[in-house]
């Protein structure tokens, strides 16, 4: 198999540009907040605790932000070099735990949810879209369409509450929260894996239901022009069997649907972040809500950065996969 | 007679794919020298992929040539930009192949002819001029056609509307890129006849681009045969068709369906 | 513009009415967009009526807490003693207002960016493309949180402006990508090249031709972005980065969830805003999807009668 070098180089370039943009945005935003963010937080903390805060904390906060009153470019360079060394600062809420430690615990759970739910929703959604497209303009198609659109009409967290209410609060079929049962030791043992799946079931179900519609409708709209195309008609006239034709049309339609992946990783990540707090799932989303409530900027920035890097890497992998799957790109290397 | 338009070893390369690393190139035109005389109908003949449409688009600067020069009335126009290019384009107009694509589906016939008149700051009465142009391309009565949208008229009528649009700028050269290939055979003669009468009445020089040798002999004075981006044969139309010297031209002539030849 | 001078004002108005009629006609060509349109109009009427006829002050804590639906409070009361129906009724207009504002402004920005990059030089195009990609790839919720806390940090009462701004910032990129590719494909068509050749300026081509050609996509995108606006509003409020003293369906959900209405069985509090938001989103999705079917001929499926009619007109030509 030929390797589409030029395509890969282009994608690497885009990856670096977007990553750099996100890192810079992360640097700029807290500095846009009027006044000194450290002081703002400090005042809030003082107010909240009734004045029982050591003033050293303000100095500490300033240090955390690199608020050395140095010129902006120096701050930026310090920020970049800290990043490069994996130094994301210290969380204010969980003081003195470094942000990187929290992320190391939380990020794997989030990634697990995102990857599982995207895979399932991609598979089911495409299958449903295929079903609708093949039976286009019949009541079957209409049912699939309406169901997908209806599911997509629920804000993710509303769906999460509905599901939590039905299956966990009232049904008591699934746990109310957590990633695995506390009575089981973590490790690659069968009870542990079962417990993880059991705990992830409701969050994954929620994300799958709310993101299914995009894949279904996308696939339906891709497969219909394919089924109407001349070469499919030609194959039909050659006497190809109906299931063969459907699978050809399906394969042709799934490729453009893959481009939707870049958006869907971001969207699913959004969904997961929201839902983790509802299902008390110990991923980055839960920490993000805590960070916002406590104006914990270092933690917020760290999560922001890690999530973006995860999404970018995910996109990059999908792009590479796409480069190998699409014959037009594969052939282009010379 | 003097030469109104002339190319000097025009070449055009296309990059197959542009990225950070440059891709392969395809030579669409290779060292092409042609000239067009005043009041002449010149035919450019070639199969698809011969580079004839590329040449047409270079002559109106929809593409820039990779190398070579273009002279219009003995002025080097190759590097023209901005206002000078605008002036040149009003002198050298192009008629597109597909009359179903060359008219804006959201605008009326009237709009299509009015815009060039407004843009060229037409001095006289615009309304009268629109009627005049429509009559010139034999769309009678003009008032019937003016408010029609492109989808309400036939292919042959569309191509004539397009001619009226191009002629509104009073060009000196008209480049017609396969203007009749999308039309029914019965309509082709009408449009070709219209082209020759435009030459007679307005003194416009015409470059007629086609793959169809039958229509070439009907209207053109002189012919260039293009093959793989090169001119392989040129001369007076009757001479070339009667006595082709290049093997490719011979193949083209043999391939052309002769309506009078019995199978 | 001399040509338009002779058209009298009255004729202009008649023309506008005729155009609106034909636009509505397009919406009704497709069952999905027609249904979506009817739902949207119903919700809009509900919202306008809610501005004037809310039975009680939606903010006032004037009832007993957590009452189930009864003859006085037809949808019961909140856990804080407000009338749920009044909140739902009065909160409809702000919710729709945000959806429409985000839809209109977001679409304007994405048309501007998309059409511009479709016409720009390769370098500018690449730059715009990577900016659009950043906004597409970064999870919207994170941006909502970041910008939201920024606006909260301002500590000024700006009404709905911050919320709308946040949603536009996070919502314009989807459309920009669409318009970029649509513009690229339209600008290669012969009739645009023809306008270049007769000497039309880029601005004139964009406003006189491109915008008209991509109008169905613009309308479809408007509904998509408006849907994002409503969805985004609920996220902004849920995350607590909006202004929680306002009454809209997003804040209703926030307070219901905050008071754990779903755990305490107060379905009359959490269900009405949920259902109304879903109905509104559903109508936007239907409109967006139906318009896509209308705009994209390859998805259009003729029934036999239509196909026959089409053949007849073909032969007439």
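Things to note:
Order of writing sets the labels: A, B and C. Residues in every chain begin at 1.
Rule of thumb we're sticking to: a residue touches a chain if its C-beta (ideal position, glycine included) is under 8 Å from a C-beta of that chain, and two chains touch if they have at least 3 such contacts.
What you see is a predicted model, and the numbers here were worked out from it, not measured in a lab.
For chain C, the chain whose average C-alpha position is most distant is B.
Of all the chains shown, the one with its CA centroid nearest the global CA centroid is C. Between the Cα centres of chain A and chain C there is a gap of 24 Å. Taking each chain's centre as the mean of its C-alpha atoms, chain A lies 54 Å from chain B. Each chain gets one centre point, the mean of its Cα atoms, and the points for chain B and chain C are 46 Å apart. Taken in their complex, chain C has these residues touching chain B: 2-3, 122, 189-200, 208-209, 212-213, 317.
Taken in their complex, chain A has these residues touching chain C: 14, 17-18, 21-22, 25, 29, 32-35, 37, 40, 136-137, 145, 149-150, 152-155, 157-158, 161-162, 164-165, 169, 213, 217, 221, 224-225, 228, 262-263, 265-267, 269-270, 273-274, 288-289, 292-293, 295, 300, 303-304, 307-308, 311-312, 315. The touching residues of chain B, counted against chain C in their complex, run 18, 60, 62, 86, 89-90, 93-94, 96, 98, 101-107, 114-116, 119-120, 126, 153-155, 162, 165-166, 168-169. Listing the residues of chain C that touch chain A in their complex gives 32, 130-131, 133-134, 136-142, 145-150, 153-154, 174, 231, 234-235, 238-241, 253, 257, 262-263, 270, 274, 277-279, 281-282, 285-286, 289, 292, 296, 298-299, 301.
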